[in-house]
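Both complexes below contain chain A, partnered by chain B and then by chain C.
For the complex of A and B:
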């Protein structure tokens, strides 16, 4: 359990720092997620065959699928630890709104895992045979996508607080909401590779990211409040 | 206000208990009439007898959406006005909606085989309905996994509302995806207009489904009220909730 060394000037920053520390330390969060992501991607040629033509065709979409799955990994522990040992009860009496607290926790989680997964995405895509020119756009898209995954996933995690089966349930709740970013992200990559205009897909992906940014914290705040009563 | 007057669970049970047999009867009569019309209606010139699947399939698909809407509205009232009855109504609607959705998917698949030559086509509409089904499953699973009834109601209500906002977005994204990927166009069963000879059975079946929903819903709400009462009594008598 990390200690709250809150400098009164910025409790937000203190919370972010603490949570980031926890997510980096907590059972090797980023290493675990990155390892999972790489393992998934390594299974792809093993299950579908090593033909470069097939792989390069499905690479952009597959990386998005694996990114979504890898984003699920650490959701279960996102709020649970602090819920169980009473940190949330403390935080609730503090100066920060629960919505903001939840957002900061998601942000810390994302900095710890989503950011690293996003950085790996273009590399993995190229390994599977996507053109090198895709790297920049793939990175930007993965950053936006993984942030939406983190916020939507956080909403799912907050809903299952105190339930008997966390992990699988979160996956079941959250994956349908991952459908739009996966579609837009994979579509964006597809459009780029085939030389079609990318603007539409990119703006739709951004729109969903903003939507998750607006709705996620509200949902998490409501769910946390209900869990804490 | 009639709604707040009815929000008392006991009063609700008392008022609606005598209504139930009537709704049940209405549903049965409509089903009998509708099914008769289905078989009396002419064959489609292209689809032959298989067009009759439509009278089972299309109302089921309508009800799949309608039930989710009911669930969303009930969840909204449960969350904002904290009516225990609204929570019960939302919870009661979920499995019914899941069954309607499953029915729509299964009959759609059975219809697709003779019409499109495939059990499943990844087209926009079917994919969205599949996602809707997953939603229902998630909702039911979440409710089942939280022991405390009030907390479960609140969490699932939040989920239902997020879902309600998200469903159009998911629908849109799936349609967008579909236009991206749709190669050869499949034969679409929904022609430009539906002939009146087919509209009638469809309409009657739709009403029959709706009456069936209301009937089952009322039973499930009543059961929910009774089971809460029972659990409350057990708790007061010192038994563990839900345990043996």
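For the complex of A and C:
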């Protein structure tokens, strides 16, 4: 000891880098979610018919629905990987609180998956016939939405940790909580397209994001602590 | 480094089964306690409780220096369990770097760990390619990289070959003489002086009487 003490940020950064590396390196994660998202969206015109009028009307809402579904995909592996390998034993002897560890893992998940899905959202929406002007707002909304998806999803993932076949259980637990951002996000797009004021829907979406940000880590910490006994 | 461990009237349950009832002991700086006992008697559960991972059903664990297991205690101890805490797809070197930064170790400590545990041939391999003994050596590196007063080791010797058993024993002895303390679950006797704590299943009347 006696050498200069590492700054408190560096363990957090190291964990973030490791988790991001894990999700990117193992294939799966981002590529899978992006592929799923695109395939789902490509099926929309095939199932509903190619009339531009219908498509442009439902594009914003459907995009949000698909964004929510694609965000579910890699949740199962979020904590399970490290749980099985015993990495949590190491993480718990580190300097960071379990809540913060869980938050960082969600953040890494979001950076690896949600961010890419968000960047794709305006493109997909416009391809389906939404007006080009919607792009900026759609991106902002998708960023906030996917971050809350990641945090709420993390709470679901931590609750099902250690149970076999956790994947479906996570979806069942989490999807009801994905409803509000889907409503606010799709409503926001609708309001923008019809020329109504967007402030209300956007602030509700932000409020939900803050709710997820505040409660997600606490819920994850408690659930992880009980699962890791 | 002078930290001692006191366990007062500890009771542990696993499910409905009482593993440990009314156990008290203390470990002074420079002392090594070897936990022995039959399989399933609760050695691992006890170690995990000492690490603060499990909340005891009764009694308490104190690190005298006044640190509580729930709080910053975890940052005083190394816990080496059966699972090696290595992600199979990552390079051994990258895992070592991560552990060093995360646990607040030093680059010098890392170099020392690599030298003493002879890890340099392993660093460029993915950890899933390593044998059980090689993984254990990699895990032991954090004992050296980040200096902590308390070592909680769960059968640390079992996958190691004779040469590395001797090396680990040497590390443990050095840790003790530097004033650290060790609690270690073992089946084979350790090659230096230890205090044995033999765990036995509690009698029914002791628990319910």
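Note that in this section the second predicted complex is superposed on the first by the 219 of 229 C-alpha atoms of A that agree within 3 Å, B and C clash if a C-alpha of one lies under 4 Å from a C-alpha of the other, contacts with A are read in each partner's own complex, and residues count from 1 in each chain.
Operating definition for what follows: a residue touches a chain if its C-beta (ideal position, glycine included) is under 8 Å from a C-beta of that chain, and two chains touch if they have at least 3 such contacts.
No experiment lies behind these values; they were computed from the predicted model shown.
A.B. asks: A:51 contacts which: chain B (first), chain C (second), both, neither?
C.D. replies: It touches nothing on chain B or chain C.
A.B. asks: So chain A touches chain B in one structure and chain C in the other; where do those two contact lists coincide?
C.D. replies: Looking at chain A, the two contact sets intersect at 229.
A.B. asks: Chain B touches which residues of chain A in the complex?
C.D. replies: For this pair, the touching residues of chain A are 155, 159-160, 162-165, 169, 172-173, 175-177, 179-180, 183-184, 187, 190, 204, 208, 211, 215, 219, 222-223, 226-227, 229.
A.B. asks: Would you pull the chain B residues touching chain A in the complex into a rising list?
C.D. replies: Those residues of chain B that touch chain A are 79, 131, 134-135, 137-138, 141-142, 145-148, 151, 154-155, 158-159, 162-163, 165-166, 169-170, 172-174, 176-177, 180.
A.B. asks: For the complex, which residues does chain A have touching chain C?
C.D. replies: 1, 3, 5-6, 10-11, 13-15, 17-18, 21-22, 25-26, 81-82, 84-87, 89-95, 228-229
A.B. asks: Looking at the complex, which residues from chain C come into contact with chain A?
C.D. replies: Within the complex, chain C contacts chain A at residues 51-55, 74-75, 77-79, 81-90, 94, 97-99, 101-104, 106, 108, 142, 147.
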